[in-house]
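Remarks on the structure that follows.
Per-chain numbering from 1; labels A, B, C, D and E assigned in written order.
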């Protein structure tokens, strides 16, 4: 991760160069998002590369959390990096800007697991989950957690039950593993779903939830602090391979197989997608006539 | 904005209901928080005793010890938590990272406290003890340390209470403890303030800190009957 | 016996605290070290139990070179009483006293029994045993300090200004008790003080040190008062030394004259034909209460009351010192000093001139001139 | 003049510290309050400058009721010296002394000039001005405390055990200086001590208080020693009071006998036919040095050296007290007390009996019996 | 590792502001601003209160109460206050996050200043206080001319430990998105960029050290030599009396 500093430098140099004589809409706006968005390939550098969008400033907020939502809602920032499944987008009437150039790659949910723990039984259980998971279902789950303040644990159990996946079995018997999650609710619920299902099938499961960003938990996976985590195929690919160009679900999935370190594997990907999105308030969208990220590069 | 369906349960006072709903997890975090705050102080004291004794005995050691411990204390805890694994070659999410970092803080604080505590032993008492024929170690354990208990205990109270607060910071980087309640509360406040986990976390942390404090005060009273005798007169 | 053999102590900063000191503290006696502040008294004392190591010279304890005895062992055999007592604040009085027995490995019960005995010996009530030092007054703490030093019955005691922190009245009491105790125990004692009066009262012999740690004079108290060796000692011993030296001259049995008395509560005798009109008043136990001035007390037939008494006079005891006898005479309003028996009953009276005659009569002179 | 008019002080916890006290401290004189610990001395003193308010009664300062003077104003007009000096550690000595002038709004230069004067007056060298209290010894601090209290030249001074924290030798010096100063300044002083010797030495009058804050006796020091009013006062005044009372009896010019002398460095006179063989040795300035015992000093023709001298005797001064004269006689190895002139030259000698005759002769008796 | 940190610190790019990133000088300035505001507020609250309590001996329970503030978990209170306060501020203002942060920092700074000021005034020798009153100083004069100057060493020690604590903890500002040196730590953590993170930590420690040195220098001039025991005269007599400063457990609190 230490070369990310360099990409920050190059990103900022680029934006300075294109600030130019013509003022784009973006040049009047401030973008907010998590710290690593500054340097991620599909973050600030990607927006510039794919759309020529250069914001007037970047404010470090949290990862799709309340700070980001409040900052966007109250006008501390004009655009923010949020997740498409986030119920607060609808709740606050935020507008998701289209991403026609697929700056944000496909983000299918899939389990990332250490090879040693991916026994046939475990694989079977997790693939069974992926088969039942879709974007709408994911949104519903998240709404229960985020809006209804239901317990992720309970939500996970309920979902498994609803999907008929709660039958006890012995597929994963004898396996001991630690399920981790990133530090946002969706990841937590997904991790709980994995954990509950594996428990139902006889595994000895411990959890380490809310670990933080990918930069924190992937090393954890590599060194065995955790064994399994729900992932998004586009993000993890980009994290593993800065130069990855694949954007469609299948391309990404294929590229991911090659990019993974030897001791990790990904299992089947689900249909559920939850990608990053650039979001603005309704007022901002109306004021500048924004529907797509590309609109930000227009002059006004 | 407050959503109609969550208004009742998001009241700050609902933390008790929240606790009951998540009892298993909260109790586990409470337990983790307890030993994470406590063990560093215990280990810290064990390390600080010889160091403090040394810096008392060899006066020139005292100023550098005090400066070093002051400097250690300025390192932000979050930075220290993350620096510990790479510096010690541990796994990045090693459960030891928090206790080790907090032990560093505790030692930093307690070395000085131990030295000051030993210095609080009246000179004539130390001399009387030497004169009746105490050897150095028994002098330390039978006379000096017992008399230094009040000063050392005062330092322990500060160390333990601030540890409770610092352990919570480790909750924000994924370590399991009451700090997780804050992260959780923050996450759940995305669509509107959701107080119960935050308030619960604060309440449990404060209770924990106060419990430690009371235990130390009580322990001090037990260990120093002579002070009570005078006060109670 | 403790013997200093050309002991010198030079502190690391170059201060010469004690300078080739030769001194012998005989067994069973009290040797007092006295001298101005900083003259090396404490340093000398503490070299005996090796709290301070001498720079050169040797200290003998009976026939053993203290330098060859392990320090802790040496110290356990020497009682040490320091200024302000230095009690262990975290231990009860009884455990403070039992410190050395515990260290010597006595069993707890025996150590405590011994400690309780000692508390009684130094005049502390038994219920103090369970108290803590901070619950005692300064004087009481000092007694505990002495008891603690006595606990293992060490033949030698070192005492560094043990009574300096208490007020004069209590100090006097402590000194008296200390002398009584020593008369029972007969320890070899080295006692440090900067108070010459204390030195003279307590010492069998007194060593006067001058600044720089040199011995100015080693002598008995009487000799010191009568024959200070030089101007420094004379100055240090101070004014009034003639009068004070009288304290060492016991008069033997004083030949007193009989004194007419009247009982308290009895009627005032009608104009007795005494030249000066002073009449001694006694109580029913025949103990003198004060003087009655005959002309002064109203009408005859009145009863002698407390309010009529003149109490100026001090009392001298038969067998007491000439100092007390002279003071009794000097302080008596009638000019006749009142002498009482050991039990407080009136023995008779004595004028100042009569005391003086005893003083000038060489018979009780303790130190005949060579 | 300060007058207590049935002053009572009851503390909130019910302790009666002072009980209907009537007392007058005359202008220009030193009134000493003395008594056992806790008898209400400090309380009485502090009611004068209203650091403590009386529960009932009034205190008059000359003809003003102190209760009606604003406290701060009252206090600025009264010097207050407390135990341990209570100097301000953060101010230099000179600024400590100038505190009250500053408070009164004097300009800095004037205040400092005055402070420097005072420092000289209490015997502190000028270079101390810029030091801080922590750089001074206890005795020096006490002097600064006195100087500070004197700064605004208040007619009244209150002093609460001002000399109790220093060692006996320094205390003696401070007392002497204090008396010298008072003889120059003639302040109205109320002085608290628990040391009866100090009270007797310093007081023009001494008030003895008993526990509970009642006045036991108010008298001059001589009267107190000669006629303690009851057993409590007698006990408090202590032993030796007959002898000590002699300090207040001046002998007038003593009629001394001439004493044969020999000069230091001169040859020892061959067997003078003096009965007792004691010969007084003087130096070239005719100042007595010690006694020579004739038989003792080796062969005739030898020279008189320092080493031969017996120095036991104290010296009495012409015009000094009878106490000094008696002690000179009692302490002299020859039995003849040496009396010197004011300038230290030999005046002559005197035996104890001769002094006694002076004592028994009613002439210098300070307080004739009624 | 150390080399990487030095490289990070030496990289000129990290000393410039860009559209995306704020450089070290800007973050340093922000950090100092947060610190100064918190300390100023804490001082304005705790110093007069401590002096008052120490002087009158009344309301001492407030000292105990303030000490109980130490038991509050910093992050928890920060999150709580942020959630409560931040929705009420609209527009391009950080106040919604600044205010909670400052409150938390003030909570940290008040206990050491208050308890040390109180202890300082309490420890002024009763004799000096008595002498001052006995000379006719009024209550405020005693406070101003005697108690305050005499308690300065302890007040300074409390203020210094408050400063250290605030500087170290101002990093949490970044937990709620504000700048300051903590940004390097939290961003570095999220980006798993250790040199950046440790560099941030080093900067905080350096800042704390410098602040402490500065305060030590001020203390040297502000505290009378009579109390600190730093005498110019060579002839120091009883130095021990002067240097025996009262140290309370609070004074060593960090």
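In this text, a residue touches a chain if its C-beta (ideal position, glycine included) is under 8 Å from a C-beta of that chain, and two chains touch if they have at least 3 such contacts.
Keep in mind the model is a prediction, meaning the values are calculated, not measured.
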{"item": "Chain labels contacting chain D and also chain E", "value": "none"}
{"item": "Steps needed, at fewest, to go from chain A to chain C via touching chains", "value": "2"}
{"item": "Chain at maximum distance from chain E, centres defined as averaged CA atoms", "value": "C"}
{"item": "Pair joined by the larger number of C-beta contacts - A-B, B-E", "value": "B-E"}
{"item": "Cα-centroid distance, chain C relative to chain E, in whole angstrom", "value": "59"}
{"item": "Inter-chain centre distance, chain B versus chain E - centres from mean C-alpha coordinates, in Å", "value": "20"}
{"item": "Intercentroid distance (Cα basis), chain D paired with chain C, Å", "value": "26"}
{"item": "Rounded Å distance, chain B centre to chain C centre (Cα mean)", "value": "56"}
{"item": "Junction residues of chain C, two or more chains touched", "value": "none"}
{"item": "In chain E, residues with contacts to at least two other chains", "value": "82-83, 87, 186, 189, 194"}
{"item": "Contacts with 2+ other chains: residues of chain A", "value": "62, 66-67, 212, 216, 219"}
{"item": "Pairs of chains found to touch, sorted by chain label", "value": "A-B, A-E, B-C, B-E, C-D, D-E"}
{"item": "Chain E residues within the chain B interface of the complex", "value": "1, 68, 70-77, 79-80, 82-84, 87, 164, 167-169, 171-172, 175, 182, 185-186, 189, 194, 197-198, 200-201, 204-205, 208-209, 212, 247, 249, 252-254"}
{"item": "In the complex with chain B, residue positions of chain C that touch it", "value": "49, 51, 71-76, 78, 80, 82-92, 99-100, 103, 131-135, 145, 148, 158"}
{"item": "Residues of chain D touching chain C in the complex", "value": "37, 167-169, 194-195, 225-231, 234, 239-243, 245-246, 293, 296, 306, 310-314, 323-324, 326-333, 335, 337, 351-353, 356, 359-360, 369-370"}
{"item": "Chain C-facing residues of chain B, complex", "value": "122, 124-125, 127-135, 143, 146-147, 149, 224-227, 229-230, 233"}
{"item": "Chain E to chain A touching residues, read off their complex", "value": "4, 8, 11, 13-14, 18-21, 82-83, 86-87, 89-94, 96-97, 174, 176-177, 183, 186-187, 189-196"}
